[in-house]
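In the two assemblies presented below, subunit A is common to both, partnered first by subunit B and then by subunit C.
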Partner chain A sequence: MPSNDQYAYAVGRVRAMETRLLDRSKIDRMVEAKSAEEALKVLGESEYAEYLAELGSVHEFEKMLDYELRRVYLELRKISPEPELISLFTRKFDYHNLKVIFKAHKLGEKRDELLVQEVGNIPLTELARAVSDEDFRNLPPQMRQAAEKLSEHFRMEADPQLVDLLLDRAMYAEITEMIVELDSSFLKDYFIYLVDLLNIKTYLRVKRINRPKEFLEQALLPFGEVNMMKLVQLAEPLEVLVDRLMFSRYATVIEEGVQAYQKTDTLTRYEKLADDFLIKYAKQAKYLVFGPEPIIGYILAKENELKLIRIIMVGKINKLPTEEIKERLRDVYV
Partner chain B sequence: MEFTIGLAAAIMGAALAVGLACAGSAIGIGIVGQTAAGVVSEDPDKFGPTLLLQSLPGTQGIYGLLIGFLILQRTGVLGGNIVEMTVHQGFAVLFAALPIAIVGLFSAIAQGKAAAAGVLLIAKRPEELGKGIIYAVMVETYAVLALLMSIMILFNIQF
Partner chain C sequence: MEIRVNPTRMEFNRLKGRLKMAQRGHKLLKDKRDELMRVFLELVRENKNLRTRVEAELSRSFANFLLASAVMSGETLEEAIMYPKAAVTLNMEKKNVMSVNVPKITFLQGEEQSSDAYPYGFANTSGELDSSIATLAEVLPSLVRLAELEKAVYLLADEIDKTRRRVNALEHVLVPQLKDTIKYISMKLDENERGALVRLMKIKDIVRGEDSA
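Coming up: the complex of A and B.
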């Protein structure tokens, strides 16, 4: 009997939950709203309605997004037959928290408001204790290695960039390991695309700030399909990159993204296109009946939705023109 | 009443027809039930339509029971006047049971999956219940064909 049947209940739950995701028309109404308050009001007819009353002002909208993120992950963890599947997606919060705590402890940047509560797999107190005692034994292996390396480096020189670099690499290494165990080709491909698009972005950034090849090598993640080091030299013009990737699946993202980057000098367009590419891939999960894919699809859809609301609200609060917000908006899952 | 190998084979046929077809229906209904429970926990109004879809893989079990019942009747186990039969005749009755036993088992599971997909369909589009049912009922065709063959074999065995 196929083991995918164990997902029968979870998929039923998720499909019903999917109907409550914000659709294109609600997003459009938010974008067209005259003020931030009005944009927020559109959410009154959605899952977010329950939080709206608790918000003192529109500036607290992040609080609403935090609540929703927590609610979704706690709910999914309860219904997923394989809890590892959800842990895979909540790993990033552990790494994010560790970064914040590391920076707070070693560099004195106290930013407790950035910590993500409850959603991660490792309690915040444990992370804080590990960093202050420099005892990382209880952390997962990849995280532990990276943290030990970091605190060694920090004894000589405190480099905040190194925190991000080492921990990001450890995170993707760990996620790659977890995916092998979950044995889902849908998930595997998703992360390969994610890493490739991230690596291309890293290349563009590093090229811009004129760092040496060694730095790029350190910043690139070795878990994708495209080997940037072999593909293109840092000294070569951007057209070479576009040419070389012309026949890859990322062709549209690269061509338009790099063009916009050369014109405007920002990666906003590239980031939007990369996200759209990933959401388009995730949409395949809508047509699969049983298995982990619909749950993964829902997670990605929800994270995308939170991102959309954030883009709109930040835009509205800063009184950006509607057109400009629209340009930044990603595609929706539903 | 005297038990012969032929009679034992015929009874085995009845047991297989009921046992396998009902097992298939149970698995099929179980799959739909799980999916339906998932949907209903988010949207309790969907109980009625999901129950309708859940009942679809149940027919294979009924077909199996029908064949089992007919075998017992034809061999006279029901009623006590056991028909005299050779080993060959007994096995022929056993083989008559196989179409519905095998097809009942697998088609009920397949139908369960199609019906579960139908449940997912109405989770999103409640107005499309009819289409969801049709997709699941298409599987029924093959259970009916198997039932037909089981009946035809059974009634053409001369004792």
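Coming up: the complex of A and C.
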């Protein structure tokens, strides 16, 4: 790992970029806007201004988010002294692309519009070739193993859920391996929290759709701290889960999230709280001056911001009540 | 208006047969129409209830889907549902309602499939998507039933329309026409008969006059 002062330049750049993130007051103005057009106008005073002119209508706002995502990753890749750091976060696009190509191939369709261009680490042509030739040798080892297992499986029985399950697990396995190499405790903890919160959510979702224990085991990601399989049985009531996690760091998320889930039968609250938890963790990076943390913090902040804009825009376009949009809004990083 | 015919006794008998037939047909068709009407109204009522229910459920599902699309990126959402998992079998048969062939669709679904309609993994998807898919899976049988009902209603309406035209045609056109024609023939025949009688009496007079002269 390069010494922390190698990051001096990158951190400086990121600090400057951070000031351009949307702050709470802008987000609030978007939420309070009367129409989708008005909400977009708020973005006119931000980094997004340059895309606004190109949008034919508010319905194309997703395009704007895509551009911005791509721009941020390409730029960060240029300034980061360790490219692996960025590719850690762009892994998900490779896996997403592989899923799309794999499913499209099995369906005999072409769904190229769903692919994420440029930001991935593996060229799309290589992924397409690997899937059509069933030759996964050039892919990273975890991905390769999962892909080989999948195509083996699909020879007998087509189960699209398995594509997601196997590849998600491979992705987190790969990320965990990469983090060990990067040797950053900040990152390590972040992903452990991420996986734990995901696993708890998965537990709740699997429980709701009444699938057996074996299925839960397959859906959980074994890279966190909390072992859901040991912690709680599927048949046990939710209170058991809340009790057992009462003294973990997730206590607030679990208590409120699960309560809201029992009351409304939706995971909205839980998802929001889980995201807030992670953003709060990421905020620590703001106070670190050297090292990779500020860059990671910025990536997370940006992804969160894109999510916020999406929630608001979808809400505004479909004229959801302001309350319902607010319910889903995550905290901001700034 | 009457039909142009030769006012003969043979024609007279033939028309009388036709009238009887038309009246019997009229009565039968009227019964058919009434029965069709009854079935139709029943179906329409059921259809209406079902439609309101299905529409409510669908809009619930769409609302959930909307919320899912707010918290997931477009590509991820599409990827999650691009490959459908649940398979259903639909069997089409025909059912005879008052000689109208209405479709009868039977819906077959594997046993554990209703809890297994989720074609995606959990790491990248939001819980809101689950509710949307669940509602859709629930509403599918009703949706198929609705399709069946609506087609039946449509076919029945068509048949009712046709039957009513026939009934009206018989009642207001054919039957009066036949009646008029029969009347015309019977009058003509009577007239002929009277003519013949007069002619005979006339001849008798002439013959008698010649005798006495």
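Simple rule for what comes next: the second predicted complex is superposed on the first by the 328 of 334 C-alpha atoms of A that agree within 3 Å, B and C clash if a C-alpha of one lies under 4 Å from a C-alpha of the other, contacts with A are read in each partner's own complex, and residues count from 1 in each chain.
The criterion applied here is as follows: a residue touches a chain if its C-beta (ideal position, glycine included) is under 8 Å from a C-beta of that chain, and two chains touch if they have at least 3 such contacts.
Please read all numbers here as calculations on a predicted model, not as lab measurements.
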*Combined model on subunit A: subunit C and subunit B, fit or clash*: fit
*asked:* Between subunit B and subunit C, whom does A:Arg328 touch in the aligned arrangement: first, second, both, or neither?
replied: second
*So, A:Arg15: does it touch subunit B (first), subunit C (second), both, or neither?*
first
*Does the superposition put A:Leu182 against subunit B (first), subunit C (second), both, or neither?*
neither
*Would you check which partner chain A:Thr202 touches, where first means subunit B only, second means subunit C only, and both and neither mean what they say?*
second
*Where does A:Ile79 make contact in the superposed view: on subunit B (first), on subunit C (second), on both, or on neither?*
first
*Mind checking the angle subunit B, subunit A, subunit C on Cα centres after superposing, to the nearest 10 degrees?*
160
*When the two structures are overlaid on chain A, which partner does A:Val163 contact: first (subunit B), second (subunit C), both, or neither?*
second
_With both complexes overlaid on chain A, does A:Leu221 touch subunit B (first), subunit C (second), both or neither?_
second
*Counting touched residues of subunit A, say whether subunit B or subunit C comes out ahead.*
C
*After the superposition, pull out the minimum Cα separation from subunit B to subunit C in whole angstrom, please.*
29
*Once the two structures are superposed, pull the subunit A residues common to the subunit B and subunit C interfaces.*
none
_subunit C to subunit A touching residues, read off their complex_ = 66-67, 69-71, 73-76, 78-80, 82-85, 115-116, 118-124, 126-128, 130-131, 134
*Which subunit A residues qualify as touching subunit C in the complex?*
62, 65, 92, 96, 99-100, 103-104, 106-107, 111, 114-116, 159-161, 163-165, 167-169, 171-172, 198, 201-202, 204-206, 208-211, 219, 221, 265-268, 270-271, 306-307, 310-311, 314-315, 318, 320, 328
_Residues on subunit A engaged by subunit B in the complex (per definition of touch)_ = 1, 5, 8-19, 79, 289-290
*Would you mind writing out the residues of subunit B in touch with subunit A in their complex?*
27, 31, 34-43, 46, 109, 113, 116-117, 119-120, 123-124
